[in-house]
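In the two assemblies presented below, chain A is common to both, partnered first by chain B and then by chain C.
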Partner chain A sequence: MVALRLERVTKRFGRVTAVEGVDLEIGDEFFALLGPSGSGKTTVLRMIAGLEAPNQGRVLIDGADVTPLAPYRRRIGMVFQDFLLFPHRTVAENILFPLRMQGVGAAEQRQHLDWITQLVRLIGVEDRYPHQLSGGQKQRVALARGLVSRPKLLLLDEPLANLDRELRREMEIEIRRFQLALGIPFIYVTHNQEEALTMSDRMAVMRAGRVEQIGDKLDVYHHPKTRFVAAFVGANNSVAGTVTALADRLATIDWHGHAVQARAHAGLAVGAQAVCYVKSEKIAVEAVADTDTRTQTQTQTDTGRAAAAAITGTLRDSIFKGHYADYLIDIGEGREITVSGPPRSDLFSHDRPVVLSWAAADADAFPADPEPAASREA
Partner chain B sequence: MRQTVFGLQVVMLIGLYLFLYAPIFYIIYVSFQTNNIWPFPPDFSLHHYQSLLGLRDFHAALFNSVIIGGATAVLSALFATMAAIGVLRYRTRWRATVAGLYLAPLFIAHILIGIASLIFNKSVLGLPGNLGSAVIANATYATAFAFLIVLAQLARYDWRLDEAAMVFGASPVGTFREVTLPLIWPSVLGAAIVSFLMAFNNLEVTFYQVGATPTLPTLAWGELRHGISEELYALTSLINGAVFLLLAMLYGLLRSGVLRVEYRD
Partner chain C sequence: MIGPVAKTLLLALPGLSFLVVFLFMPLVSIVIFSFWRTESYELIADWNIDNYATLFSDVTYLTFLVRSLVMATAVTLTSLLYAWPVAYLIAKHGGRYRLVLILLTAAPFLTGEILRVTALQQILGPIGLINMALGHFGLAPIRALMYSNVASWIGLTYLWMPFMVLAIYLSLLNFDFQLMEVAKVNGARVWRAFFEVAWPLNMAGTVIGCVLVFIPTLGSSLTSQFLGGPNGALYGNILAHQFGATGTWAFGSAMGVLLFAVSLAVTLVLARAVRDFRRAGITIKEG
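Take a look at the complex of A and B:
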């Protein structure tokens, strides 16, 4: 069931086009809008809320066109960045504000308050003022206020941006729990891919006012459709070179004498420049005993794994993170590649020669057209 | 050496206060003395105040001044709040110009406002000079002052709170009533009090509007023509007393936390 539909929605501020021709269909799911700052994701959210009017296109909630409706007629819940609790009102008054505005009776307000304070675990602070609360409590009040009227959908605008790391982890799981408990669409705007990947069912990646890719979060993560998504989502490494062969949706790229294979995306041509992206956890790394690594490359990588690429390098540093480790590997030509994997004792000595390999299906090659790769945030 | 510098600073502080307040406190002191020509040594007496109460027009003047002050305060605070909200909410490139034009009346000579209002009201609008026209004339420069006060406070207001209220179902009027006004009212009240004091104290603007109708400043002005009469000491002291009392009340409210001037938690 489609709870929210955006049809070719466009928003311009003066000569700047913030959002251009965005189509979205969102059901009763946790949907993340991911993008760097300035990508238009918050503007999309504000148009759904009615805080901005689109220049073109329509916004439909439960099949009804709400494009001309003012925000206070849309019956939407929202959780804002910085919480935006009313500082002159108590926690209970803040939470009950939407119900009071809807003219709900006192007894029913009480019931809703009991229900929501239990759901978001906010019992005992109802009479406090926002400035007397901790960051996590403010976040819960903001969520309670957004959900108390059982809105048709809940919009969340980077709600965790101002919380510390520990609290953010905890709230990610809580917010996900609320969505499952209520079964209404949550539309979550963030520039933090970890949040998007943790909480959402589906996600859209935005860039420069357009949706780059939309789909199941695992699909977006594992199968990027554009160069931007490949660079932006996940911890990525890239190597650039000339395409030497194209066959069976596989591209072979020459990187300083190494043949690197990857899934070929539209626009590649033999002889043209290409960039190949591979996520750091999809790279296998093997220590090489002999310093003369170049001659051993072929045999080392031939370990049953459909090796599509083999690049030699030198282990520069290992960063132990507990349940996994990051290995920083210098592959020459001024490039460094990060590999993530389980901590291994054989990879903790520095300046060790290693060989890297990955499956062709785990790498994505895109034309190295003039458009710059995404600068990654967070 | 250090002590000498400190001593010098204390002397300068006292000197500066004398410069600011000596004439005013002298008048207040004299108003409680028997002899107003050479009131030393002190000889406490309330006879200046008794003769003031006996003065014809005093009660009417007090009443009229309060009316002019009060009505100007309401008008100016209202206009200034609307103006400040408009200037802050609409981020056009004309913002500075719009704000500047609200502030310009501050720099127009009061006597010019007085005469110009009299002539304009009479020739163009055909209105007689009275308390009403005095309120309108005083509200011009008072609005400019009030605008400055409200603007300074409102610049820190987070308008996203209004957006939050609207998303949660509050109409624009409801948003103003439920969220904006409860958070900005201290600055509106402050602007109203300052406007009240300015109109209450005003002579030049009011004088041209009210003619023979007495206000406290015009009464004092009128009395002066007969030389420094006894009532004048009491009258000027009372006006000052009222002003200081109002300011002290405002300060007390702020200190006690009944009035709060910050919005963000």
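Take a look at the complex of A and C:
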């Protein structure tokens, strides 16, 4: 069932178009709106809440057009980035604010308060003021205020941006739990892909006011449809070169003498420039035996015995992170590639020659020029 | 070498000396004078309470005091209603022109008080701008504007309102306007959001503004002297009279003491509105 629908929604501020022709359909799911700052994701959220009026397009909640409705008539819950608790009200008063605005009776308010403080695990601080709370508690109060009136949907605008790492992890799981418990749509705006990937069912990636890709989060992660998404989602490495062959939806790119294969996306042509993206964890790295030389490895690769793509390099550094490690590998020509994988004892000595490889289906090739790539791209 | 106590005292010296010289000493002297008597324009240290007996038994003086209280209340309320939208607009939408706009509201202060009052006379009086214009079109002049309490009310509001605007504006500078959106999303209409959020969170600024307008208005004499007309005298005019024409300084001092006491009482009553700092959103670091 579609709980929220955006139809060709556009918002302009003066001469700047913040959101352009966005279509979205969201059901009772956890939906993430991911994008860099300035991509228009927060403006989309504010239009759903009624805090901004779209210049064009419609917003429908449960099939009813709410575009002209003021925020207070939409029955939406919202959680803001800076918590934005009312500093002059106690925790209980903050949480009960939406119910008081709706004129709900005192007994029913009490019931709701008991229910929500239990759900968000916030008991015993009802009479405190916001400045007496920890960051995590403030966040829970903000969530409780957003959920207490059982809204039709909950909007979350980067709610974890101001929390420390540990707390963020904990809250990610908690927020996900609330969504499952309540079964209403949660629309979660973030620039942090880890949050989007951890919590959401589906996600939309936005850039410059437009939706680049929308779909199941695994699909967006593993099968980027645009160069921007390929560069922005996941920890990516890129190599650029000339397309030498195109066949069976596979492109072969020449990178300084290495033949690199990747899934071909629209717009590629033989002889044109292309960029190939591959995620850090999809690259296999093998240490070359000390007696081997780089030349020997090169020869092996050229014979086609190795995987769809193979590049030789030198291990510059290994960054041990506990349950995994990042290997920084210098592949020459001033490029460095990061490989993530389980910690291995054979890859902890620096300046070792290594060979990198990945399956063609794990890499994505896009035309090099039509659009500027995300800043993440090396 | 000076110790930490001496350092603190040294730091307190400018403030303390100011208070002693300009507040404490004059105050003590008028309290003392109020228990003396005046004879032929001279103060005589003859201790008595006759001044207060006259002040509280002669209904005339209390009538003028009540008049001044009513006037000050009216001027404060008018300023409040007028200043809030002005300050809110400038604080929220003033952008980089905020400071310029707020200084503009205080621009009349660049001229003297008498000049400003006489300028108002030129607008409100019988041969003033408004009534002249009305006469030009064959209309009757508005008598209420000419040498009346209404004219004083307009004049006093004009004189003191910038303080109200400034106090509320300074308070709004620390106000997070996003909280208004939070209230709206959570079901509050515009006015409800205002009274739930903006009003209580700026109560301290509003109270300071009210005190800054109420107190000077209560003791004012110039405006009513120029604009009030023959029946427009306020407590301040009668008080000034004691130090002028009649030369009864001792009685004037008693009037001054009463004025001070009433001002202090009003300030304390207004301050009760922010008695609970947490309710005004003022957070004080604990420990």
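In this text, the second predicted complex is superposed on the first by the 357 of 378 C-alpha atoms of A that agree within 3 Å, B and C clash if a C-alpha of one lies under 4 Å from a C-alpha of the other, contacts with A are read in each partner's own complex, and residues count from 1 in each chain.
We adopt the following convention: a residue touches a chain if its C-beta (ideal position, glycine included) is under 8 Å from a C-beta of that chain, and two chains touch if they have at least 3 such contacts.
All values derive from a computational prediction rather than experimental measurement.
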item: When chain B and chain C are modelled together on chain A, clash or fit; value: clash
item: First, second, both or neither for A:Pro71, with chain B first and chain C second; value: both
item: First, second, both or neither for A:Gln102, with chain B first and chain C second; value: both
item: Chain B versus chain C as contact partner of A:Ala272, first or second or both or neither; value: neither
item: First, second, both or neither for A:Ile319, with chain B first and chain C second; value: neither
item: First (chain B), second (chain C), both or neither touched by A:Pro87; value: both
item: Which superposed partner A:Ala49 touches (first chain B, second chain C, both, neither); value: both
item: Touching partner for A:Ala235 - first (chain B), second (chain C), both, neither; value: neither
item: Shared contact residues on chain A - chain B and chain C; value: 49-51, 70-72, 75-78, 80, 82, 84, 86-88, 97-98, 101-102, 129, 131, 145, 149
item: Interface residues, chain B side, partner chain A - complex; value: 158, 160-161, 163-171, 174, 178-179, 182-183, 263-265
item: Touching residues (chain side chain C, partner chain A) in the complex; value: 176, 178-179, 181-189, 192, 196-197, 200-201, 278-281, 283, 286
item: Chain A - residues contacting chain C, complex; value: 49-51, 70-72, 75-78, 80, 82, 84, 86-88, 97-98, 101-102, 129, 131-132, 145, 149
item: Contact set on chain A toward chain B in their complex; value: 49-51, 70-72, 74-78, 80, 82, 84-88, 97-98, 101-102, 129-131, 145, 149
